[in-house]
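In structure tokens below, several structures.
In what follows, subunit A forms one complex with subunit B and a second complex with subunit C.
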Partner chain A sequence: MQRRDFIRSSAMTAATLAASRLAAEESNAGDTPREVDGVHFQKAPCRFCGTGCHVQVGVKGGKVVAIQGDAKAEVNKGLLCMKGYHVGLALYGKDRLTKPLLRKNGKLVPISWKEAIDTIAERIQADPKGFAMYGSGQWTIPEGYAANKLVKGGLGSNHVDPNARLCMASAVTGFLSTYGVDEPAGCYDDLDNCDVLITWGNNPAEMHPVLFSRVMDRRSRGERVKLIDIGTRRTRTTEFADEYLEFKPHTDLAVANGIAQQLIERGEWDREFVEKNCAFREQDEPATLNGKAMDFEAYKAAIAHYTPEKVAEISGVPAEKIRMLADLFASKDLKITSLWCMGMNQHTRGTAINNLVHGVHLLSGHFGRPGDAPTSLTGQPSACGTVREVGTLAHALPGGRVVTNADHRKQAEDIWNVPAGRIPEKPGYHTVEMWKRFSTPKDTGGDISTIWVQVTNPGQTLPNLNQLFFPSRKIPGKFLIVSDVYPTATTEHADLVLPSALWVEKNGVFGNSERRTQQWFRMVKPPGEARDDCWQLIAVAHRLLELGNEGMKDRDGKFIFHVEKDGKAVPIWDFAHYYDVNVDQHLFEEYRKFTRLKHKDLAPYEEYTKARGLRWPVVQQKDGSWRETKFRFASFDDPYADKSRPIDFYHSTTHDHRAQIWFRPYEPPPESPDKEFPFWLCTGRVIEHWHSGTLTMRIPQLRRSMPGSYIEMHPDDAARLRIANGEKVLVESRRGKLELSAWLNGRGRPPRGSTFIPFFDETLLANLLTLEDYDPFSKQPDYKKCAVRIRKIG
Partner chain B sequence: MSVSPVGNRAWQLGSAGIVAIAFVGFFTGLKQSPEAAPVRDTQELEQPADPTPSYGDLRTRDRGALGDLHPSQVQRFADAVDRTPPEGPASETDFVGAVAARQETRAYWGAPPSIPHRVNDSRAPDCLVCHEKGANIAGNLAPRMSHPRYDSCFQCHTLSQDPRTAGSQGISPENSFDGWKSPGHGSRAWQGAPPTMPHPTRMRETCISCHGPTGKVGLRTSHPERQNCVQCHTSSAALDQRSTIGTPPTGR
Partner chain C sequence: MPISGLILTTRPGSEACVLDALRAVPGVTLGEPMGSRVPLVAEAPTLRAARDLTETLMRMDGVAFVDVVSVDFQDEEL
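Moving on to the complex of A and B:
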């Protein structure tokens, strides 16, 4: 229907109309492949970001030869972005890793898989508590689940943490401390219904392009959508914005508080919504995630400080713009969606700013109607599915459970059928702590001796690499294992490198930003001896069993990854037999048992093979069909919400159906520009490259479009330092230095005193400069601000 | 020449009336004019006018391939497109050449083409200036968009040149991807039957983008006067994702 309207409004020829009507209207349900001209097409979610577009992968002669946007996918409705259209090329870079490599006499030399698996198992067996697993939001759900089970259920250790700690941990703590349960209540349908879209430190035009155009294309259809960009530098998103509000780095807390202050002062907050559904909260001493209750009068007194003038003074956003934002939130007839991603999450006050944006929506009642939603986006394809839902964090267990809760541990031990007491109560090391201990000698507290990295690139993406990554490479006894598909900034320094299968070279399941679980099947074979990450985990577990590790047995003495077919055990640890069964399906069905507790119900694996993803909770209907949930807590849609009230926060931290509106004061950042280091540095991404560029830098079309990193600065600052466009500069922070070229009036435009460096380029490591300081609750570091100085070279 | 006093009087009265109406009209107009005047965008008022650039600025300022064109110039580009229909069906040589040329800017058949010219990377794309209707810039044809209007052009279309430095080619990493190629012609049931569409219609809804005057020689239709292409040319249900075959996979 939308497509038809669109077409009508865009004044095209009759030829056009007739053709597109054919393309758009006829669709048949079904999941069977298509074949055209010998090319076999099947569905898969895109390998890149957290948007979770579906693509149609065209395979011919055992190779991927084409990609189409999947017309049946609700997320992207047949469209993709430049990365999605070229995702198939990611498989075919010339330097794919095809053999296990072990460092001998300083050089990586090819070894057999048997030697590789033996080496890992022997290292773990020698020091199980000194072993840590560093995973990823790019792990598939079965991979992350297997890793979690191997370490927590098998080795009895909680040292599993993912790169998603660096990516969305503050969104998690924000949701938990506000609603008592993780992940957004709304979904992408809000983007089709909002009247106002507010991007908080967010550049979706480049980072979530398909979602961005899903909103902006509504304008081409004649709809009015107001875009308000609240940011620290002008970006491609700003180009589409009706209002651009530029705040001084870190002062987004003041901006959010300013809106709340205005709503309260003018009496324009939504009394009915708040009285029925909300309570007020503030920090306790010592600080805990859930804080302590405060009454409305205390909240009112605390927030009164943030007058528009005061906020203008702190943030640099003019007072009338704060009033403008308050006007919008005070209008009940408008529907407002907020989007955020790394800007709010990579923040030493990340939990606090997440709380405040939820708070503004709750206080104004802009919540729970389609189009009224505070929605965090994720950067990785399965940060939600594998990390947040499977619980591959050092403190978590599957299905929203935590290791510190005795009931939760017992439930996990029962489902895994492992002896009671197997899972330790104490959380394992979070990412920064894990790598700090790996980079510290054993006799001075560095009790992590072996780290196995899968599907991520910490040698490029950890903050402050000189502190967290490089020292370990010089300490005797530290062993770094890396599973990846290409040589990276991490494999370069690894002791053991394992070649992995990538994307459609294996079966997989991802979970995207809108609670959508998406499945795909293996379509082509991995190159050389590259093998599935999940197989690698199971093979190591089985080798440990052979070495006599009792943790690898369940209560009945069976292997913890025991899989049967026709009543017989299948030796899935032997790669020749790994695809005798669908291991993903077995792991997924076991994992499903965990998902009911927090009402994150998943459907059977089979259902996902038919659908372009389903949003949880997916609940079985009387007729046997499975129904997904678009709007959580809203009783018109969420089957778990109490039907007697419009909104039901049924996981409330205070067990009274209420969400928490927090008072969170603005506090200055840990490092600000000063005389010695006078510039702000922000790091981030560009549209062409995804994450550390391992895949996208090997795709000619993307690399040609953006070949290397640079520093953006304001032309006035550049003129003062006599730096012209393209000239080499030296950028130094208190932690490291980097030489790169300046790009003035480029794609992004920082204000005076601010600079920006993208982190995709492995030859120009932005994280030599960044700060490892993190949010006290989420332990997520701040990549968005630190102080640097800049000097022209030569 | 005698003028009837009555007539004269009537004329005088009439004139007075007209003058009076004009007066009322004038003052009403005056009164209304402040409201009727277009209200300037507040944002526009806040932004100071661009100062004259210094030579230093000119060195660093990237004005894109087309710079900031005057609208009349844009119109001239659109007018420069030769809309004379071809005299007959294209030659096979021209057709093969056109298909090969298309392949050069695409990773595979069906991929969005990369942008073969410089663009201003710092602004919202002004691609539509030329590509909404098609243009001829000094002999270079800017094809009309093949798909409905989407505003975020850089979402799908990559640059083929390093945007940071003028004109320099980026590095092309080695990649053994061997993309799907166009099958060429559609099929004909008999000689003289209208050919089927050999490509999907998705994102290629505007036939005249390639088959009209801004398309490549070799692809242009010999009968542009016929507006309803799908009257005769059938599309492919399989290419358009409207049909499936085979049995569901199992992942084993």
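Moving on to the complex of A and C:
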């Protein structure tokens, strides 16, 4: 058989097997060949979004040459989206960074790794409190864990924060203030079981396509799944929706309150569920995340204001549609899943709207059965695993611990074996504050002098770049270090650039949106001198040790990243020896000790080498096997739930097994269109590109499909301003301006008075326009609404 | 020349006309349909053309979804 015939036959076999599994509704049968035509296949989670699809990566001759959807993966059941299809090519852009680069006389020039590591360590040693680490939800779990340990356990500073602060911090505060513990109770199985799917400001058809396909696939089997899209702009998801409810930006709080008002007024709330499992809560003064208790009558009185007519007046959603939503939630026979992502999280009332959507599910009892779930999605592959679980936020510690709690600090100091009192009780700077202080001179409060960025691109993705990013580049003494795989809008302005290994060029572990922890092994070598981010952290820590930094020693005088093999220390700070042991496994097993402290138990590393991920808590059974948990708090599935009750919120903030139903009033946004700036601006992603485009713009097929940014406008607005499709316009906000082409009736269709700009294009920075105002609890900025004006150029 | 394994999902009632249309698309080899799902292999001279072909399939009347199962690009210059 000719080689091409063989490949063609393999492709048809894979497609037929996947189709037959789908037809039979099987998700976990069959296997993928390990060796096909000299191509060796191994499993890995996809590098892109938070869905957590598994792929089989085909390697031949030291290169990735093929990608297959992993037939054994429950998440994607052998399927991939268009970005996953191209994920192998993300490694092979022609401009990979291959050498450390230091800015000398205004130019980035190649230097040795030794000089690079020395430079970083010396800067930190000179001013450890002025050093901050800025990471991401693309850090692997061991990378984020090492960064957290280096800074919090080693340097005794809490200035670590991730870009996930910009994408899901409000989901975290929403879960914490509702259930007392972070992350969704349900999982993707809810998508297979729901009768109604409500997308709240969410566009999974383009941003999480495999999950959306999973739902649409049910329709193709003849199942009835009602899709309700609640949004501010029509998207590809809207095309599949049974109902599209368009609300005025920021008024989703009124919509959620309107549903609750109707359930209460009609007496159709789930009295038994609420009386057994819930309590009511409202904001205290000064505002804290825990708020203060209110009784049902007070809640009822507060919510009474949100009649369907009043909500229609605030939100623009017709009163009968609010009643329709209430009808659905009042139906006990239906199973309802709510999905959300950036639309609810990038919101100056992000915590509040998260609370309200949880509240509608709790009030109506649509919780805890497969298909009945309020579920947030994440945009990055390990926003949950590395940021939320490893605790790389400035106030957090691994395993759901917080720095403000003395017991939690002691637990971390004991596991890290570092001296008592090492971890400060004051949270470090959250993202906006960190960058604001970096962009402020030291003598006027700018106490952050050095930031080390790994696996993210703040020069493109921070809001209001003219305030938070660019000023630092002109202030003497501010030093920006960036580890990345390609030149970016951030490396362009960096003082020191470190070339990093990407995805299957290193070992890794990610944690996806449904609490699923996923592991992979290194399959190919990185180009040139590119090296693992985790190694970079350990090498700097060891250099600090050599410079006499006592923080790099544990209580026994050993290096904080001490690793042994056969009883002998392995010098993992020397890259030549980094792969003498599996450093990931060593760090993961240490991190595992934290995960048992708040019922987020992980299995041993070895278990993940065999599985396509496991959802925590993962608990060992009497026969020695490890069992994952699909539905937390539901006693039929969660090993930690009290079996005497169907639902057990065992991390209740009120310590009485109750979740909190919050009253959160609608409040206007910090900036709205006015005469001077008459349009709403929303920013976001497009299907071709992932986040700032660092990877996807290197994939020629994706770059050619969507080569540059644009502004979506309503045709009536464009006609009034005499703007034709494709014409250049100047878009201005109070913070910056940008020239873009207008796109009328494009794939997204904003209503009159609204516009949309994607943020993937590093040559057209959408964040010159955006607002840095943030939610008071999550500190997450609002990228979804600010005011702009538009005028035709020329 | 990239070779991709795809599954095309048809909208209810559209199976026959979609299959007819697919038979006329160059570079597409159809597998045995299973209800609303059609496994197929798509071949194109370049990755760009492969993507364009997939986009074409997505836009066809009666097609609900196109999912990717595999892609082999070992002959492609990277």
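Rule of thumb we're sticking to: the second predicted complex is superposed on the first by the 761 of 794 C-alpha atoms of A that agree within 3 Å, B and C clash if a C-alpha of one lies under 4 Å from a C-alpha of the other, contacts with A are read in each partner's own complex, and residues count from 1 in each chain.
To be clear about the criterion, contacts are C-beta pairs under 8 Å (C-beta built on N, C-alpha and C of every residue); 3 or more make two chains touch, one makes a residue touch a chain.
What you see is a predicted model; the values in this text were computed from it and never measured.
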So in the superposed three-chain picture, is A:72 touching just subunit B, just subunit C, both, or none of them (first/second/both/neither)?
first
Touch test for A:316: subunit B only (first), subunit C only (second), both, or neither?
neither
Taking the superposition as given, does A:424 touch the first partner, subunit B, the second, subunit C, both, or neither?
neither
Which partner does A:39 contact after superposing on A: first (subunit B), second (subunit C), both, neither?
both
More residues of subunit A are touched by which chain, subunit B or subunit C?
B
Taking the superposition on A as described, I'd like to know which of subunit B and subunit C A:507 touches: first, second, both or neither.
first
After superposition on the shared chain, which partner residues are touched by A:222: those of subunit B (first), subunit C (second), both, or neither?
second
State whether A:582 touches subunit B only (first), subunit C only (second), both chains, or neither.
first
Would you sort A:776 into first (subunit B), second (subunit C), both or neither based on which partner it touches?
neither
For subunit A, give the residues common to its interface with subunit B and its interface with subunit C.
7, 10, 12-16, 18-20, 22-23, 39, 58, 60, 63, 65-69, 78-82, 85-86, 88-89, 92, 210, 213, 216-217, 219-220, 700-701, 704-705
Can you check the complex and tell me which residues of subunit C touch subunit A?
1, 3-7, 9-12, 29, 31-32, 34-41, 43, 47-48, 50-51, 54-55, 64-65, 67-74, 78
The residues of subunit A that touch subunit B in their complex are 6-7, 10, 12-16, 18-20, 22-23, 26-28, 30-37, 39, 41-42, 56, 58, 60, 63-72, 78-82, 85-86, 88-89, 91-95, 205, 209-210, 212-213, 216-217, 219-220, 236, 239-240, 243, 507, 521-522, 579-582, 584-585, 609-610, 687-688, 697-708, 710, 715, 718-719, 724-726, 741, 743-747, 749
Applying the document's contact rule, which stretches of subunit B touch subunit A when the two form their complex?
43, 56-57, 59-62, 107-112, 114, 121-124, 148-152, 154-165, 169-180, 183, 200-208, 227-231, 235-252
Counting only contacts in the complex, subunit A reaches subunit C at residues 4, 7-8, 10-16, 18-20, 22-23, 39, 58, 60, 63, 65-69, 78-82, 84-86, 88-89, 92, 210, 213, 216-217, 219-222, 700-701, 704-705
